[in-house]
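Across the two complexes that follow, subunit A remains constant while its partner is subunit B and subsequently subunit C.
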Partner chain A sequence: MDTAFLLRILPVLLEGLEITVALTALALVGAAIGGLIVVAGRRSRFAAMRGVTIAYIDVMRNTPVLVQIFILYFGLPEIGLFPEAFACGVIALVLQNSAYAGEIYRAGIESVKRTQTEAALSLGMMPRRALFDIVLPQALRRVLPVLGNQAVVILKDSSIASTISVTELTQAGKLLLDRSAAPYETFFMMAALYLAMAAVLLGGMKLLAWRFPVRT
Partner chain B sequence: MPEPLPELLPESLVVIDRVGKSFGANRVLKEVSLTVGKGEVVTLIGPSGCGKTTLLRCVNFLETYDSGAISIEGETVGIRIGADGRRTARPDREVAAMRARVGMVFQSYNLFPHLTVLDNLTVAPIKVRGLPLRQAREKAMALLERVGLSEKAAQYPAALSGGQQQRVAIARTLAMEPHLILLDEVTSALDPELVGEVLDVVQSLAADGMTMMIVTHEMQFAREVSSRVAFMAAGEIVELASPADLFGSPKSDRLRSFLGRYQAAHRI
Partner chain C sequence: MEVCRSLLSWVRFEHRASLCLSLVLGFVALVAGLGAAQAEESRLDAILKRDKLIVAVSNSTMPTGFIDESGTHTGFEIEFARLLAKSILGSPDKIEFVVVNAAGRFPAVLSGRVDFGIASATIYPDRAVRLAFTRPYMDSTTFVVVPKDSPIKKIEELDSADVVFGATNTAAMIDRAKRYAPKAKAMYFDTDSAAFQALKSRRVGAVQADSAAAEFQVARSNGAWVKLPGQLGSLNGNALFMKPGDFQLWLCLDTIVGEYTHGSRYDEYQALYRKWFGAEPPPARFYSAK
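Right, the complex of A and B next:
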């Protein structure tokens, strides 16, 4: 392996990495919040709201994020909207992962015993406060590892934005490849960078899990 | 006209008026009526499935009821009954305000496992009553002192024994300064050697004049702590009397056979 070559391509890849980090960070925050909306709809007292949410979850989870990106990027112009490629990438990742995050939250909430809510209510808390102050903190701790895995999925899926000309890490690598014809070094470097970012994400989750341990 | 003796005519705090409830086809409460005076300790005993826990849970509306009415301090619980007799649900806010004045202690303690013992005691006073943090903590420490657990303030519930957890649960309820406390089989989940420490705390509350409704299987305790004891069977109150009368001279066959079976089971 040509280390001098690796060092030469590194700055180009790091520029792509910046875009990947931005894509992933925005999608993470968006999906974390979107998931709350999804779980609220999924657990709504109104059947119609639950129905709409279930349909949303099914559509989002059972279609490839690649197709969703194409619909946004190539479909929206048909109705007169021309979103930027980067925005399309973020939106597609948020739409799909909000569905996943919502279902992960739900699994956590339903794993907390009903008696916890009863204890909170019997102390005079409103149902919403019981959910936010008593149930959610316990639920989130339990699903932290699963949320961590989903965060890595978002990171990896951000590479799909390369198909609509966002120069994130994968696209940067592809462009390098066209110029250098050194696939082995380029893709090895890319993989190492993705691995490093995933390690940071998972390390962060480990830290959170250490700071907020599950207690029973 | 002479003043009525307060011991004989206590101001009623809870009025349960012909309350009925069904789970599907199963009628768990059949027109149950019961009044609890201020400062009274009323104990509900009876065989499993007789409806005593359901009745207790109706009093703070953790369980809805189908007919009749429960009032606490003159206010109907969970529902409003119009002049024409129509029943409408009370908004969450009103139900929560009622529950803030009614404490409940559960069989399985139900402490909040992610909060320290101290935070278990302060979370509701701070979030529901709006008490300043410092004041809430001082009060919580005083209550932990009272149940003999002030050295556990910084621990998490999982580090405590069952008896200690239940004493914390009682202190958590007291932190809201309730006018009435409901205790639902608070010693049933405990190892026998831990029962005493919890009953001692309940006993001390009774001595302080706290109004309580207690569901229990501990007959000796019921005898010692109660102002009156209600024996329930098949969704009805079969007998209601002072502990001396109820345990000393049971009138109905059902109570006699219940007490007989209890004594047989507890003879060593």
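Right, the complex of A and C next:
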């Protein structure tokens, strides 16, 4: 392996890495918030709202993010909308991962025993307060490891934005690769950078899990 | 057995240890020697032994390698690769295609997954450090395609901050975009198809593409797109590419390509060229040009 070449390509890959970090961070925040909306819809009192949310979850979870990103990027101009490629990448990742995050939140909420809500209500708490003060804090602690995994999935899926010309880490690598015909060095460096980012993400999640342990 | 046992008891432990070590070293040397001999064996021998070519090709570049309406993988490069199979193995069907995109074509040959590639690869100095190219099987110029109603009428007008200029994410395309339209916003896609889809959806205002692909897309657009007059940059050569270091295979391929483009098989090449590009190929000899 040509180590001098590795060092030469690093600055170019780091430029791509900046875009990957931005893409992932925005998608993470968006999906975390979107997931709350999804879980609210999924647990709604209204059957129509539940139906719409279930349909949304099914569509988003059962279609590839690549197809979604193409529909957004190439399809929206058909109706006169021209969001930037970067925005299309963020939106596609948020749309798909909100569905996953919503189901993760729901699993967490349903894992908290119903007796806890009943106890809170019997103490005179309003249902909303029981949810926010009693159920959600426990549910979120329980799903932190799963959310961490999902965060890594978002990081890796951000590479799909390269197909619509976003020069994130994978696209930067592809451009380098085509010029230099040095796949091993380029892929090795890209993998190392993705691995480092995933380690940071998972480390952060572990820190959160340590700070907010599950109490049984 | 008795003899063996008495012999072993006669040989002192140290001697036995050194004997074992020698045997192990000898075995390692033998294996290494075989490995070296194997490494020196040309891939051409392997091709002849397996009686089949394994070739990296594109399926998203019209008209050189694409899937037609009937689902058939075809194109100029696909059929040219079949001609190579016919020359090497006696049948155009003794070939297996491995579909690659721009990012996957060089790793495919360097990893040894395929014998060589024919996937619109331009001979390029940076690439020549790590890849071996044959002589070109076709010349390729670069044209710029714009919508018919585009305000861009000349190549010089591409260099404007208002222009979004699309291309595939290859080194030559990027260099041309930077050189001839540095003020334009450049967008790079994985395939020609995606770049032209971006033109169709008005994501980009102009697309640069290899002459063959550009002509084909303009012809297919039913008048919606036009080609800007002139070419972008200089003439390129598209060539077969392979892992360097295998002189025998390289020489074989290079010679065959030469025979098609300039020699004994020129008539077959000419027919193929006419079929896919609707034009005459460069003459077999410059002095035979009319």
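Details
In this text, the second predicted complex is superposed on the first by the 216 of 216 C-alpha atoms of A that agree within 3 Å, B and C clash if a C-alpha of one lies under 4 Å from a C-alpha of the other, contacts with A are read in each partner's own complex, and residues count from 1 in each chain.
Methods note: a contact is a pair of C-beta atoms (placed from the backbone, for glycine too) under 8 Å apart; a residue touches a chain by one contact, two chains touch by 3 or more.
All of these numbers come straight from a predicted model, not from anything done at the bench.
When the shared chain is aligned, no partner comes close enough to touch A:55: not subunit B, not subunit C. Shared-chain residue A:196: touches no atom of subunit B or subunit C.
Of the two partner chains, subunit B is the only one touched by A:115; subunit C is not.
Once the two complexes are laid over each other on the shared chain, residue contacts for A:162 go to subunit C alone; subunit B is not touched. In the superposition on chain A, contact of A:123 is made with subunit B only, not with subunit C.
With both structures placed on the common chain, the touch criterion links A:14 to neither subunit B nor subunit C.
Of the two partner chains placed around the shared chain by superposition, neither subunit B nor subunit C is touched by A:33. Only residues 73-75, 77-78, 82, 85, 162-165, 167, 171, 174-175, 177-184, 187 of subunit A touch subunit C when the two sit together in their complex. Across the complex, subunit B meets subunit A through its residues 60, 62, 92-93, 96-97, 99-104, 106, 108, 110-114, 123-124, 127-129, 156-158, 172-173, 176. Of all residues in subunit A, those touching subunit B in their complex are 115-116, 118-127, 129, 133-134, 137-138, 141, 212, 215-216.
Partner subunit A is touched in their complex by these residues of subunit C: 102-103, 106-107, 110-111, 124, 126-127, 129-131, 166, 169-171, 174, 187-190, 194, 197-198, 200-203.
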